[in-house]
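Going by the order they are written in, the chains are A, B, C and D; count residues from 1 in each one.
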Amino acid sequence: MTTPHFPLKIACLSKTDASRAEVFSPFNEQLLGTVDQANKADIDKALSTAHSLFKDRSQWLSVVERIGILEKAVEMMKAEAESLAVGAAEEGGKPLIDSQVEMNRCIDSIRACIDGLRNDAPHTIPMGINPASQHRLTTIRKEPIGVVVAISAFNHPLNLIAHQVGPAIATGCPVIVKPAEKTPLSCFRLVEIFHKAGLPEGWCQALLTESHEDTESLVTDDRVAFLSFIGSAKVGWYLRSKLAPGTRCALEHGGVAPVIVTKDADIEAAIPGLSKGSFYHAGQVCVSVQRIYAHRSIARQLAEKLAEAAKQLKVGDPVSADTEVGPIIKKSELTRIDDWVKEAINAGAECLCGGKALADNCYAPTVLFNPPANAKVTTSEVFGPVVNVYPFDDIDEALAAANSLPFAFQASVYSRELNAAMYVADKLDASAVMINEHTAFRVDWMPFAGLKHSGLGTGGIPYTMEDMQVEKMIVMTSKGISA
Amino acid sequence: MTTPHFPLKIACLSKTDASRAEVFSPFNEQLLGTVDQANKADIDKALSTAHSLFKDRSQWLSVVERIGILEKAVEMMKAEAESLAVGAAEEGGKPLIDSQVEMNRCIDSIRACIDGLRNDAPHTIPMGINPASQHRLTTIRKEPIGVVVAISAFNHPLNLIAHQVGPAIATGCPVIVKPAEKTPLSCFRLVEIFHKAGLPEGWCQALLTESHEDTESLVTDDRVAFLSFIGSAKVGWYLRSKLAPGTRCALEHGGVAPVIVTKDADIEAAIPGLSKGSFYHAGQVCVSVQRIYAHRSIARQLAEKLAEAAKQLKVGDPVSADTEVGPIIKKSELTRIDDWVKEAINAGAECLCGGKALADNCYAPTVLFNPPANAKVTTSEVFGPVVNVYPFDDIDEALAAANSLPFAFQASVYSRELNAAMYVADKLDASAVMINEHTAFRVDWMPFAGLKHSGLGTGGIPYTMEDMQVEKMIVMTSKGISA
Amino acid sequence: MTTPHFPLKIACLSKTDASRAEVFSPFNEQLLGTVDQANKADIDKALSTAHSLFKDRSQWLSVVERIGILEKAVEMMKAEAESLAVGAAEEGGKPLIDSQVEMNRCIDSIRACIDGLRNDAPHTIPMGINPASQHRLTTIRKEPIGVVVAISAFNHPLNLIAHQVGPAIATGCPVIVKPAEKTPLSCFRLVEIFHKAGLPEGWCQALLTESHEDTESLVTDDRVAFLSFIGSAKVGWYLRSKLAPGTRCALEHGGVAPVIVTKDADIEAAIPGLSKGSFYHAGQVCVSVQRIYAHRSIARQLAEKLAEAAKQLKVGDPVSADTEVGPIIKKSELTRIDDWVKEAINAGAECLCGGKALADNCYAPTVLFNPPANAKVTTSEVFGPVVNVYPFDDIDEALAAANSLPFAFQASVYSRELNAAMYVADKLDASAVMINEHTAFRVDWMPFAGLKHSGLGTGGIPYTMEDMQVEKMIVMTSKGISA
Amino acid sequence: MTTPHFPLKIACLSKTDASRAEVFSPFNEQLLGTVDQANKADIDKALSTAHSLFKDRSQWLSVVERIGILEKAVEMMKAEAESLAVGAAEEGGKPLIDSQVEMNRCIDSIRACIDGLRNDAPHTIPMGINPASQHRLTTIRKEPIGVVVAISAFNHPLNLIAHQVGPAIATGCPVIVKPAEKTPLSCFRLVEIFHKAGLPEGWCQALLTESHEDTESLVTDDRVAFLSFIGSAKVGWYLRSKLAPGTRCALEHGGVAPVIVTKDADIEAAIPGLSKGSFYHAGQVCVSVQRIYAHRSIARQLAEKLAEAAKQLKVGDPVSADTEVGPIIKKSELTRIDDWVKEAINAGAECLCGGKALADNCYAPTVLFNPPANAKVTTSEVFGPVVNVYPFDDIDEALAAANSLPFAFQASVYSRELNAAMYVADKLDASAVMINEHTAFRVDWMPFAGLKHSGLGTGGIPYTMEDMQVEKMIVMTSKGISA
């Protein structure tokens, strides 16, 4: 079977001499497909098309048309769900069982875009409550913000595209999406579905670039109204500093998610979730469980049980139906993770399981007991299958440690006691605190907001739809309106 | 000092030959004041004035005017707060310390009416989401519903008037209020304040009637758009059956409030609240703690501690600064309460404290242990300082007992455990379940809704304001509105 | 072909000796089917089943289960849409083209029930804003209210059932539906679909009764938590007066919908809508255009153009694809309509078209010019294909006439001018005022609320879902919650 | 009388050797006061204090405490309203009559902060609607975002401070405010009031700096969580590019506000508002009316009437009770404005009135007819008392011109016709479109959002409060929560 090739999805561009990116399996290095790469001129063409569409209100698609396209796309995605899931597992390395879940969530995300349109009632503000505001009515409607550029990440090749592109289509923004270089195939397949569902090509264009510099030129063009960026904090905040005046952005980076386990917690009940939250997609998730602060009386027991669970996990071929943990996305990352683990062990952490690279770019699920406060595994996002357990004596000390980093995203507390659970939930720096649930818990209509260095703005379908729209208030003044 | 006399507050009525009601202290039978009583013709005049005002939109007060009047009234109430509290304590028998709190809440209730106006933004519904709804915008504004008749109760002579009359004034409904026969003086004083604050008399009229029959004629007149009734379930549901076609109503009756205490609950911490919730205003409150289902392992201990607390309560003159429990509103009620307690004891309940009438129409705070399931104190609202403790073995059995009556209003669960607390809160039939707080907890912006036989509609300032308004949706269709 | 027979849809009842109701076409008197009728014992069985289900929380269906059932039902309805539309046209007489629209709306109504569940976030109230409310959090969730009895009307045999039964299923209320005697077949077909979609039979039961007395015994049983009634005002308000204490209700009756047309209105543009709004389903719609107040300068012209449009309408067999106006639901109604029209003409109204009965129970679309203010066609709901045009000189006079009846529901204003349109919309007594659109405009997520004698409560899918639920507030008190 | 001197309002800093800024009247160059200037070390101290307060949750003020402080501050502001208004008029040059209005709005803004706290109910998201979300409840509460730096502008010396500092105090953010160099006195007076009302000094610090470089060091410090900037677009977008990673910001710049007047508009009625909107505070307002596109049939008439109105305006001493237009804030701006007007006239604009500098730094209210599309007065914000009238033939051409700039903020349409008004309102690029009202219309609870280059985020009290808080979602998972 020949591997698929995807030309650039730039409207009205047909080009036969583009440079090609090759996409390999992170597990077995098999070539999975090729994708054309855009140069500066191609990028300019994409931007020009998108910008022209937006500037001409007569070309805008009505809400009824957009709902029709999204509903058709949902049907088509349902029909192709299995092959899309397999493709995503192949290129991204997320185990098939989890890729299937991701694909279902991808579909539900598009349905949430439809819900967002169907339920979008304008809102208003009070008038008539002081003399200056009498005889007036207001209506606040939403309009698309303009051209959206979406830069995506590798770890959810389907659902991230749904989260970045779906809202743009729904809200009527022309969108240009650049998927992760490691996982572009899923993106191109989804964009094709939108086109087949009736979306004119200019409203959703997809491309890879030849260089980071070219990507930067795309992002910082002054025709861009909104940047949606999912990736590393370093790149994200750098890009913000380079945006053209007037360009808005949302950034979604990682965290070093903390969990606090009080002495009365139900440990047995907690282990399955903590294991899932730590090792799901080999920890390559921005809200992966990384730092577990457990009361000293139960910390060791918890760590050992978690190590037991970790050892049971089936690591290997992501496309195999029983695999629970797949490969790391690339060799250099595997090496970095191993270096960090070794550094921690050398500095005094006890390795209860894992702590080593396996074949085929996999890393053994690893539980570290009590790494130092200044170890990289404590201070920085591992983005690998590594979790740390730290004993604590005093809850406020655990809270101080949990809150000590410049990142804040999702967090957890495990406790049977109402007061203790609320106390910890109240004091953790986080945009979401789960009580008796792991930090990576998510349903797609939840807000998803990195705080501090972890991100800017709020992700999640309804929130991104809001970001991609501006509000226009109409204030009608008329003596006919009673006071 | 001569006692005050209040003529009928019916606009443009001046009458010298009205029959007079006398108001006596329930504690010492002292005459506190007299109030004229309306006959059928007077009632008709009040209705006619109110209805004429409402039918003529040109006479409606603007929101700006209504805010001005309410703000002025708040200032005046603050200035007269102490004398109003004393007056309420005298006629209603609620201890001064609690009457002062009630007066502060009365003021805050009027402020909440102002808040309700200042923050009232029209809402809208989605349009443009299918072909039939394209090119349209909606606005949903509120208008006053029409003439309001408010029938009030004795147990909160100030704040109930604020809750029934404040929203009517705020929303622009002409209101006719009939206070309880035992506590009309506070009502007439508050209505005077509204008039002095600038409200034209026709917008708020107050009266007592000569007979229940006359009250019924007021309530059932077809010019009445809305009846607000606070009182007994029997009378309330009867009045509903007699309303004219088109008249809406809200009823607020009593309950037989249940509390469930699990075995791990913090008993020490619970007692002060349970004591307050049981004996506040001598139990003459519709959400008074009445039935405490406690796990058998701690039930007796809980009951005894509660009896200890009950014995410490200072019972007596409501106007005295250290009184905690005042008199029963009238002799016949005192007798009824005592009969019910005696019936329960004869049927097997153990009386841990109280169980007897005291001097000056007071009743000793009473804790009964394990009265039978069919005793009146178990099945009906005592409306007196009597609380029952029942041991249980199984939580579902306690829930079944708690939910077995045709009343449902506020309820409580005491537990340290998150799961147990949520389980009970989830399964109790109630409009409000407090976790680790007694059933009579209330702040005035909370919804206050009797379910089943306990009432109809939802009380509380913002909810009553909503009830007293109708919504008018304007659907604007224009090709100028984009789809 | 044999006509279909429907046994009672009462759970676990199988009965061979029930009396049968026969259903005939109002157009050609053909027998369309038969339906068993419940006697008092059958009704009691239905109530008993419903009540037992509700009292036992362990039998409640989860939201996930209810969504699943409704989604399956939507699929099945789509598959059977055409035959359901034909069946409804046959028994109810609404022309097929409109019955097909009704069927689509019926499907969308069920989808709106699913939307209502998917988007139902609990709400909360502020805490921590004064000392009494510190250290607290609230959550207000919804629970089913209890047993629902739905009494339905003939004029929308599909979508009314969707509006009354869909919300009950969605919210988890056991529902017993009694369709109109003239159109039970559509109801029984829809209920069968819900059962086949997985709804256990006890959660949705359907029946006809042997007598009005039996229907009243169903409605007034004290196990009924909520009555949903669509029908005549006289019956509705009577039933309210007979309800058991604790039973809530929503009533949807008719109106005598007014339209005001200012002198600058775009008459040409208005005629198609006014014609549709006047003659849709032969005027047998509760918000049918009935009273058009037009400025004297354009009133005659408007009336004549409307008569022209009326004359073009194709009247006849409802199942025929080109019929625009079908028969009146029964002979006695036809006679009544004709009597009213004759009365008006005798009293001075000018008949511009129609004014007579046609073959097959049809009535000719009728435009009356300037009937007297006290004619029945002016003061009462015609519920037939009759519309009146009244000239006016002064807009306030037109408003006074429009607002003079004890009914208020939907209304319209036609004007090019912003100020005039807002002035009229502001002053009409109505729950919905359309600007430049007829009074019968409706999409199914709009609120639909008869005011004054026209009804009680608000219809429309999301509003009925709200009515069929009670709110339970959980107030969590914990020192762990910061102030 | 000696002029007042204000030391730096940096907590625990007492310094006698600071450099001093002198504040002069823009009208008569009188010295009005002096203010100490912070150097880098002082700025660091202010940041350090603010950051330490924020990091220690035990020092946070409760909502009850914050409401108490704000209510006290409102009382004190009411008492000092007149002297604050005079002081603002003196230093900023806004006429006293308008400064008094501003002071009232300043007070209402603080009251709106209180409203914002009193009405802040947590919200939630749906759970239990798919298997993954069963048995869960959410609560989304708000927490302060961290240290706020507010950089303010000169044109509303009182109400801008209220808008930037009030929300910070209300939401519990430590705030450091740098007022405009021309109008610091009003700021320091207001900050003093907050301190006297009970706010500990560290929670609100105020300072001027020695240089722009120092201001930049304040803004870009990584302890800053939120920058609120009001000023020029050039500086604002530059500062965004320099922010530390993790720092959020809101920018409020100017616009070149367009108005479209259709041929049927009521010109007489429009003139007073257009005159006010053009010349209020000598046009030094970011939503000042600048570009009026009027249908050719009425454009000249409109322009002439507007010029007539402009000529009637009393220009001069801001502190004088009858002055309507005061001075320009500084000489260099006066010169710039005159240069732009001259450039436009030289390029073909017709000057209907004004067009010249007056004594005392004032500029004559100026109406230009039909300046070229590329004149600075057409393309850039004048920020002076200059308004242009352009005739148009076709509405879409007028819309294209109105939408042609990279700015979008408030806009207006004047029309008697509903369809025309909605058409224009629908198609103007703006965050607010007034119908029959000028572009500078504002009440303080309105959103105030510059789009494109005009700003970032949304101003207005409730919106800024939202910006200054992060949301924390608590997801409680419990089998006790029914599905």
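Heads up, the rule we're going with is that contacts are C-beta pairs under 8 Å (C-beta built on N, C-alpha and C of every residue); 3 or more make two chains touch, one makes a residue touch a chain.
Since the model is a prediction, treat every value here as computed from it, not as a measurement.
Peer 1: Please identify the chain with the largest separation between its CA centroid and the CA centroid of chain A.
Peer 2: B
Peer 1: So what's the Cα centroid distance for chain A and chain B, whole Å?
Peer 2: 50
Peer 1: Just curious, how far off is chain C from chain A if you go by their C-alpha centres, in Å?
Peer 2: A distance of 46 Å separates the two centres.
Peer 1: If you average the CA atoms of chain B and of chain C, how far apart do the two points sit, in angstrom?
Peer 2: 35
Peer 1: For chain B, give me the residues that contact two or more of the other chains.
Peer 2: 57, 118-119, 125-126, 130, 137, 418-419, 421, 425, 427, 435-436, 476, 478, 482 - these are the residues of chain B that touch more than one other chain.
Peer 1: Report the topology of the inter-chain touch graph, choosing from line, ring, star, complete and other.
Peer 2: Shape = complete; every chain linked to every other.
Peer 1: What part of chain B is in contact with chain D in the complex they form?
Peer 2: 115, 118-119, 137, 418-427, 476, 478-482
Peer 1: Going by the contact rule set out above, which residues of chain A touch chain D in the complex?
Peer 2: 57, 108, 125-127, 130, 132-133, 136, 138, 140, 233, 237, 240-243, 245-246, 248, 406, 421, 425, 427, 430-437, 441, 443, 445-447, 449, 451-453, 456, 458, 470-478
Peer 1: Quick one: in the complex, what on chain D touches chain C?
Peer 2: Residues in contact with chain C: 57, 60, 62-64, 67, 117-126, 128-131, 134, 137-139, 141, 415-419, 421, 435-436, 482-483.
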